[in-house]
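Mind looking over this structure? Questions follow.
As written, the chain order gives the labels A, B, C and D, with residue 1 at the start of each chain.
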Amino acid sequence: MGVLSPKLYPEGVQWDTGFASDAEDIVMHESDPAETHDGPHGYISNGYISNKDAYLKRLRRIEGQARGLQGMVTDDKYCIDILTQISAMTSALESVALGLLDDHLNHCVLHAAMAGGAEAEAKLQEASAAIARLVRS
Amino acid sequence: MGVLSPKLYPEGVQWDTGFASDAEDIVMHESDPAETHDGPHGYISNGYISNKDAYLKRLRRIEGQARGLQGMVTDDKYCIDILTQISAMTSALESVALGLLDDHLNHCVLHAAMAGGAEAEAKLQEASAAIARLVRS
Amino acid sequence: MGVLSPKLYPEGVQWDTGFASDAEDIVMHESDPAETHDGPHGYISNGYISNKDAYLKRLRRIEGQARGLQGMVTDDKYCIDILTQISAMTSALESVALGLLDDHLNHCVLHAAMAGGAEAEAKLQEASAAIARLVRS
Amino acid sequence: MGVLSPKLYPEGVQWDTGFASDAEDIVMHESDPAETHDGPHGYISNGYISNKDAYLKRLRRIEGQARGLQGMVTDDKYCIDILTQISAMTSALESVALGLLDDHLNHCVLHAAMAGGAEAEAKLQEASAAIARLVRS
């Protein structure tokens, strides 16, 4: 099958890195008065994720991209085009991670910091380790 | 649902970054005498991907991870655990990209270089641009 | 000048990525009772950096590496060896950044969180933005 | 010393990431008829680096940034500002690496590919390994 054939790939495949255009559906944290934190540790309660639907929508699209990549490999699509897709998918994942981390800092870490003591220290160490994994991955 | 509940996630979810252990299924290029290149430009022919099944297996697992992440978000799993999964998934994608790029250099770019001239130059520019996107994404 | 000539480069140049071995001189935060925070905003006061001498030592080494790279370019050293040095230098910079970010979370952000209100929110937004720049750079 | 004091830092310090503006001094490869390759292996000969002065200028600036960072740490500058500088420096290093890699592909790797055989294979493996280090660092 030639490079120019009009075969359609699943929803996740797109031929440019146009993900930036909908990055706005996950906004960095602003105050969110309706959130609830009723768990004993403040972090297993529902609602720490600011906009669950936006994350699910992003992740479904990322799943579609992973499926689309399989079609591209099966059809021997041009390697550079596959790599472009992977770069876009990596950036999309990174945005999801940064959004979740921002939510985490604004809920779990903030509440632990207010409580102070060993819990605050533990939450901050854990967050630092997660940030280091993101920076290095 | 609590953090400790034994709910099972789809195949993609795992709680550590144990992906390194099966990184060997995509090997960096060594000589591959059976490959065929019958296309006029050397890059749309079948077979430039060294081990298609290994890539498809990796991509199916990445797709499963994307699905697993949706379950984690839906169930309000602990944010740090979700971030750990995303770091693992990013590393897995990176490995796929590096394997494909290695295949590309060893087939399309090598053949274009042997042919020389404008085609060689174009292929090298295109490869450099793809590498830059990978490094920066 | 050949690749194998014994020419000595300034202190920063080393031919492997052995930086990991002294990564321990900047430790991630643990409690630090002697620190002082007398500034009105908690972040311009002296002492928020946990171990200034360790950072200065790391940065002097990074400066030496940058100087060494100039010698390598001037002498037409083999490109792959220069790239190896740059990868090592990037990792060293990343470690410095992660250490400073950890200090920042454990001092400025923690204190702002305890104070609460708009100051806490502003500090967290600022930290998130800095993390995003690190992840994407 | 306060954040707002007008103290001047060495040449490398700048308060924004304005490096992009002079990224053009290292151009990605185009044909370069004046280059010479007289070494037996094609890669230790002078001239494989397309524009040595541009690289040296970039590296001197990076060295100045490393020196400037030491001043910022010594003076307890605000952590977020130091991190911004490090992100800029990392991006500048990345650009140098991508430029050198492009030169390398267009000279050493291209020539080895034309010669073919084991030398071509070795050069491509070496380039792939260097790319993987850059992507992961």
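A few remarks follow.
Definition applied: a residue touches a chain if its C-beta (ideal position, glycine included) is under 8 Å from a C-beta of that chain, and two chains touch if they have at least 3 such contacts.
Worth saying up front: this structure is predicted, and the values here are computed from it rather than measured.
Any chain bridging chain B and chain C, meaning touching each of them, is among A, D; the list is complete. The chain with its Cα centroid farthest from the Cα centroid of chain C is B. Between the Cα centres of chain B and chain D there is a gap of 26 Å. Distance between chain A and chain B, defined via averaged C-alpha coordinates, is recorded as 18 Å.
One simple way to say how far apart two chains are is to compare their mean CA positions; for chain A and chain D this gives 30 Å. In chain A, the residues that touch at least two other chains are 94, 97, 101, 127, 134, 136.
By the touch criterion given at the top, residues 2-3, 17, 43-49, 52, 55-56, 59-60, 62-63, 65-67, 69-70, 73-74, 76, 78-80, 82-84, 86-91, 93-94, 96-97, 100-101, 103-104, 108, 126-127, 130, 133-134, 137 of chain A touch chain B in their complex. Residues 28-31, 94, 97-98, 101-102, 105-106, 109-110, 113-114, 116, 120-121, 124-125, 127-129, 131-132, 134-136 of chain C touch chain A in their complex.
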